[in-house]
Amino acid sequence: MKRWLMIKKLLPLALAGSMTFLSAAQAAEPILIGAAASKTGPMAGGAAVTYWPNVKLWEHEVNARGGLQMADGSKRPIRIIEYDDRTDPAETIRAVQRLATNDRADFILAPYSTGLALAAAPIFDRYGYPMVNVSTITDQTDTLSARYERIFFTLGKTSVLAAGVVDALVQLREAGEIGNRVALVNVADAFGIELAQAARPALQEKGFEIVFNRSYPLGTQDLTPVMRGAAAARPDAFVAFSYPPDTFALTELAQVENLDVKVFYTAVGTPFPSYKGRFGDAINGVMGVGGVNADSDAFQAYQKRHQEVTGQAPDFWASAVQYASFQVLEQAIEGVGGVDRAAVTDYIKNNTFQTVMGEWRFENQQIRSYWTVGQWQDGEFKGIASEGNLPGAVAPTIKNGWK
Amino acid sequence: MSDDQGLSCRDVVVAYGQHPALRGVSVQVAPGELVVILGANGAGKSSLLNALAGLVPSQQGEMLLGQQPLTDLPPHRIVEAGLALVPEGRGIFGDLSVEENLRLGAYSERARKQEQQNLALVYSLFPKLVERRRQIARTMSGGEQQMVAIGRAMMSAPAILMLDEPSLGLSPLLTSELFRSLRRVRDTGLGILLVEQNARQSLAIADRGYLLENGEIIGSDQAAALLADPAVQHAYLGGAAAKRAG
Amino acid sequence: MKQQELIRLVLVALVFGLLALLPLIPANDRLMALAVPIAMYAVLATSWSLFSGPTHYISLATAAFYGVGAYTLANGLEVFSYPLLLLMAALLGGGLAALVGMTTLRLSGVYFVIFTLGLAELIRQLVTWYQNNFTGSRGSYVFTDITEAQIYWQLLGLLALVFLLGWLINRSRLGFAIRIIGNDELVARHSGINTARTKVLLFILSGAFAAVVGAVMAPRFVYVEPSMAFSPQLSFMVVVMALLGGVHRLWGPLLGVVPFAIVWELIAANFPGQTVLFMGLAFLVVVYFIPQGVAGVLEQQLHKIRQRRGG
Amino acid sequence: MNKPTVLEVRNLTRRFGGLVAVNNISFDVHEHEVVGLIGPNGSGKTTTMNLISGALPPSSGEIWLGDTCISRLPARRIARSGVARTFQLVRMLPSLSILENVKAGAVFGHQQLWGSELDHHARRLLERVGVMHDPDAPTSSLTYIDQKRVELARALASNPRVLLLDEWLAGLNPTELQQGIELIADLRDEGRTILLVEHVMDAIRSLCDRCVVMSSGSKISEGGTEDVLSDAAVIEAYLGKDDE
Amino acid sequence: MVILLTGLFLGGIYALIAMGLSLQYGVARIMNLASGEMLVAGAFAGFWVYTAFSVSPYVALFFVVPLAFAFNWLIYNWLLLPLVRRAKNRGQLEVDSILATFGMSFVLVGVMLMAFGGSYFSYSWLARPIELLGSNYSQNRVLAFAVAAVICGGLYLLINRTRLGLSIRAVAVDPRAAGLVAIDVKKVAALTFALGGAVAAAGGTLLSTFLTFDASIGVVFTIKALVIVIMGGVGDIRGAIVAALALGLAETLVATLLDPGLTLAAAYLLFILILLFRPQGLFGRSAL
């Protein structure tokens, strides 16, 4: 009985497995693209919003137009090989190694999240794969770029993201909208710690008073004490360097506690469509990390296609950047007209790309212009501050209650 | 009351791993009869009761209650059949109250209908338990706990009641009281199979007795006859007493 | 007897020597991708069963020690020399094991399991909190020039060391004492064995090894984060592999690590979406069908063959 | 009795919650003497053994082994000072071989051997207790009496000053019983000092020089074996009072 | 006062989570490491009911409870009973059941991943403030607490006032003696295990109303529940409730007064102190 049960569970899996092989075999001479990122583990939630749908969208878009243009005039479709790294860096390393040596992938997409991507960086480097990172947010981009000649960064540095928040606050204070009191909260994970460490001195330097400063561990079940403490400090602005689950929890608690602030900022997860889906219009005025030029045609077209192909909306920050990073790869391959990785890497370094995020050019292997702060305005998350003066920024507004 | 309801076992063999505890034991108990099994420590008395109650598996032999075979039944089915055990150390539920313990005794299908009736019977046999109904069993004295244990077994409306060393740890005074109540229980028509070390006092209330030594029955007789038999003393203290034939 | 042991020793040394040549094979990438995790889990599972095998204490604290080791290296890399850091990792891991062992080894099995399960989480929280509030460290970057092959060699060396130590312990009074304890702690006490000290000593040993492995592996990850260094999955994998192999022999865990790692690789490569499901199923197969471990099954078979030959 | 006292029990008491399992017991065991500790079921004999061997700490009272007070020591220290015991239900070390089971007694205890010396010692003892089995076989291949013999050999292996036997003869069939009694008699003749708890009275009669009788936790009699066994108080303890 | 109430609300939910495990461990003697996954499954059900039909997630309870009950009953009879039969002693059963249920937890996570994917799930329902004793609390939490209290109370009555409950307690106190009073120990153990699973799943449905969850979050709750069960004393429902409330309170206290970063550390510290000084749990037998 027991064994039978197991077979019953295994059978559909085996079938599903063999089916993907079949459908792949029909395509002629595809370019193999490896993707190793989290489908399980703590990072899976974020990857399921930002990473995997874009992989799917990209594959669909490229193949829909017949594939990538080669120098010899032919078109080659792309085929994605996906692995789950279970949010385990050792598994990321193995998956990328497997892609490079076993599957002989032509190119490999950078893994999702800082730690996992950096774990894979030496492997990309050793096998000579260009690595266009998106969700790798660190202040070490310069060191890393010097160390690995094939690594690229697109989403920004922690210190700059933090500075963006501070600038937005300064702007509002100068407009006379808010006072000096800031409540600062962060998730005690590398991301939150780095941002808080950068934001604290920056805020003080600009004359802000940090009236409440707490961190909480990843996976904290009840953030009520944090929110209550923040509310009790009577801040003008609430800044939380948070991850998706706590972004949601903090927003909900702010409504419950009726946190009366002019600026409410939460980090990762704020630009997620599900954020709006959950809180509706109450989030108008909420600021968050990143942002897009929501009014640009490029983004709106992308948004539409994303919805059509993947059945879900993209977020208003990393999603589009993620897709843009794939476009970089796509245009570089077509520019070279082949799958010579060294040539593609050089092409990425020395050319300009037209992406959903606008025109991109890598300087010192880094994109120097990116959104740092966005804000929910009229049901859309719009960029309000950027590094490198991106077009389409809207003026920040203050938050008027939670109704 | 016919012998149909009696307990009988034949050639029961029990071993714990390599250690043989019973080497083929046959015992009978009729309803309304009080039978005592005597023997020194380690003779296999408890093993016999535990095997009958289904707590330890028997390797060989046949056990019957009336016409129903008991061999290899799980403990709860044996109780359901009408054979109840008061184990050594009482085995009451220390964290539950007296009345909860008693009511649990009537958990079996056969006993549910007569629960109130049996409860009244137990309370009339052990009036002390009435005033202690709500007390947590663990906090009572040894003698009272023993009463709870016996009462609980009686609540299952058994045909045959087995008791394993009920006098253990009781003062002489309490022991006498206990034996008097056992006689009263027997008089209600139950068969009782009693394992006891206290040979003289148990024989005084018993109808018949078996003498168990080293996992074997070495003698059986009417209680009065055993009381005078030097083999009994021999079984406990060894020595010069002549071994009794069969 | 003596000669047989000598032959065995030479053979083992030979095998290790051959294994050490592995990174020199050209185009060895696929091999190395498999060899490094195998070597890592071999050290962890073997050292785990030095303690848990004879005592039957299921320790889920491997990740705690591993994480301590990884952090020791990550934080000390700019201050101390690499060998010194490995030594420090061993000392810290051993010290932590001593502390945990002394307080919790007198608890009964289940409590010990749950405490060790929580330990990695506890240390992770404390490290995070400390980092957040005091060092202000922005994650921990490990920039070294240590190559994959060097990591592999180090792990291989550690494995040889575990085997050597395990072999020595098995021949020593300490090993005899721990086997007696595992069989019957009461008898052990009544035979004059200091059971608490013996158990703690072996726990320290397994903790120290796990910490050194953590330190050795850290350079591979470039970036050390609490959630990764103290990943509970690591602890569980070690337990499954060791149990699968069999913990009653020194070489038992190895029999679990190698096939498990290979099967795992196959699963991860062919069913990328269902790895967790398959890990669970593998776990269940071990518990239900090979509770004695591969080593146990193997020995039974060998015994049968011998018996058949013998008559 | 002018033989020196090896084991001295003074006012030993042990309570479990409200229950007094051992109540103010005192007795001596002299060198080369075999003393029986007897009494009906539940009288506290095994608890007394556990107190002497250190499996349990006493509530009050003292136990002296020669010049050392051992009543506050942990079991391993007591074992090292020279007390060895067997257990009521035989306790083998199942994953160890027969020989290793014996060795276990001679490595950490009163006598600490290792290497070939230990090997010889253990083999000698197996021979001594009459185990003819392959010493490298697992203990599960042994018969019950042989397991008991191995356990005895393990206790003897430490060359103890006092040997505690807790119902060592229980569960043996008549032939085995005879062999067992002879074996202990041999040990007595060898000059071992033995304290034994036993229910097989024939064994007590043939082995023990003296007996201590316990009932309900208290000592009710002490003296020469035959005298004690015909003591009215002892008979009453075993058989119960004559009918009221 | 604010701390007290917040801690209480948190503790109430913990109590429900721990109650299921306490029943399973105390009566069926299975240390169920897959109990967190049952909870997550319940959370998914709540999410599904709310998002698909726009009705109160509590509606899900009507099918979550019977389904989880049946599912756990099957698990016990098919997967765990063989282990119970195989085990030579309690220690071995403990080790085996820990390993087996741990494997099951992975299988369950795998199945839920296949079914729902790895994303975060959350929805907003009754996220409005309600004023109690002068400060604000969210309605979904207060309601969840109330429902948890009702379930706990119901269970308490079931255990203490019914015949079934009496037999459950009897098995918990002494399985051997329970057999002697005609209780079918295996059946009661299976029923209790199933009941425990149903309670855990119900807890998940409640939690989903205010917590963001994903398919692999179960282990977090399993560990919490284990800590509480051991703090409260194995098989002691009352102890589990008190321990859960105490833990909720302690965590809130530390988070508010000390540092939220230390809440988990505080929970474990409490846990180890109790293990060391009261290994039988808060209400363990020798306490009386």
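Points to keep in mind about this one:
Should a chain be cited, it is by its letter among A, B, C, D and E, assigned in written order, with residues numbered from 1 in that chain.
The rule is short, and it goes like this: contacts are C-beta pairs under 8 Å (C-beta built on N, C-alpha and C of every residue); 3 or more make two chains touch, one makes a residue touch a chain.
Just so we're on the same page, UniProt names per chain: B, D = Branched-chain amino acid transport system ATP-binding protein.
Predicted model only: the values in this text are computed from it and were never measured.
Shared contact partners of subunit C and subunit D are absent.
Common neighbours of subunit C and subunit E under the contact definition above: A.
Taking each chain's centre as the mean of its CA atoms, B is the chain most distant from subunit C. Two chain pairs are in question, A-E and B-E; the one with more C-beta pairs in contact is A-E.
With centres defined as mean CA coordinates, subunit E is found 49 Å away from subunit D. Between the Cα centres of subunit A and subunit B there is a gap of 75 Å.
Centre-to-centre, using mean CA coordinates, subunit B is 42 Å away from subunit E. Per-chain CA centroids place subunit B at a distance of 32 Å from subunit D.
Counting partners per residue, subunit E has 79, 109, 113, 216, 259, 261, 264 as the residues that reach two or more other chains.
Along subunit C, residues 125, 128-129, 132-133, 273-277, 281, 288 each make contact with two or more other chains. Chain pairs that touch one another are A-C, A-E, B-D, B-E, C-D, C-E. Within the complex formed with subunit D, the residues of subunit C that make contact are 173, 176-177, 179-180, 182-184, 186-195, 248. Residues of subunit A that touch subunit E in their complex: 1-2, 5, 38-42, 44-49, 188, 214-217, 219-226, 228-229, 244-246, 248-249, 252-253, 255-258, 269, 274, 278-280. On the subunit B side of its complex with subunit E, the touching residues are 53-55, 74-76, 79-80, 84-85, 87, 91-96, 100, 103-105, 107-109, 111, 136, 138-139, 152-153, 155-156. Across the interface of their complex, subunit A is touched by residues 2-3, 6, 10, 78-79, 109, 113, 117-120, 122-124, 127-129, 135-138, 210-217, 220, 224, 251-252, 255-256, 259-261, 263-264 of subunit E. For subunit C in complex with subunit E, the residues that touch the partner chain are 56, 58, 103-104, 107-111, 113-115, 117-119, 121-122, 125-126, 128-129, 132-133, 232, 236, 239, 243, 273-284, 286-288, 291.
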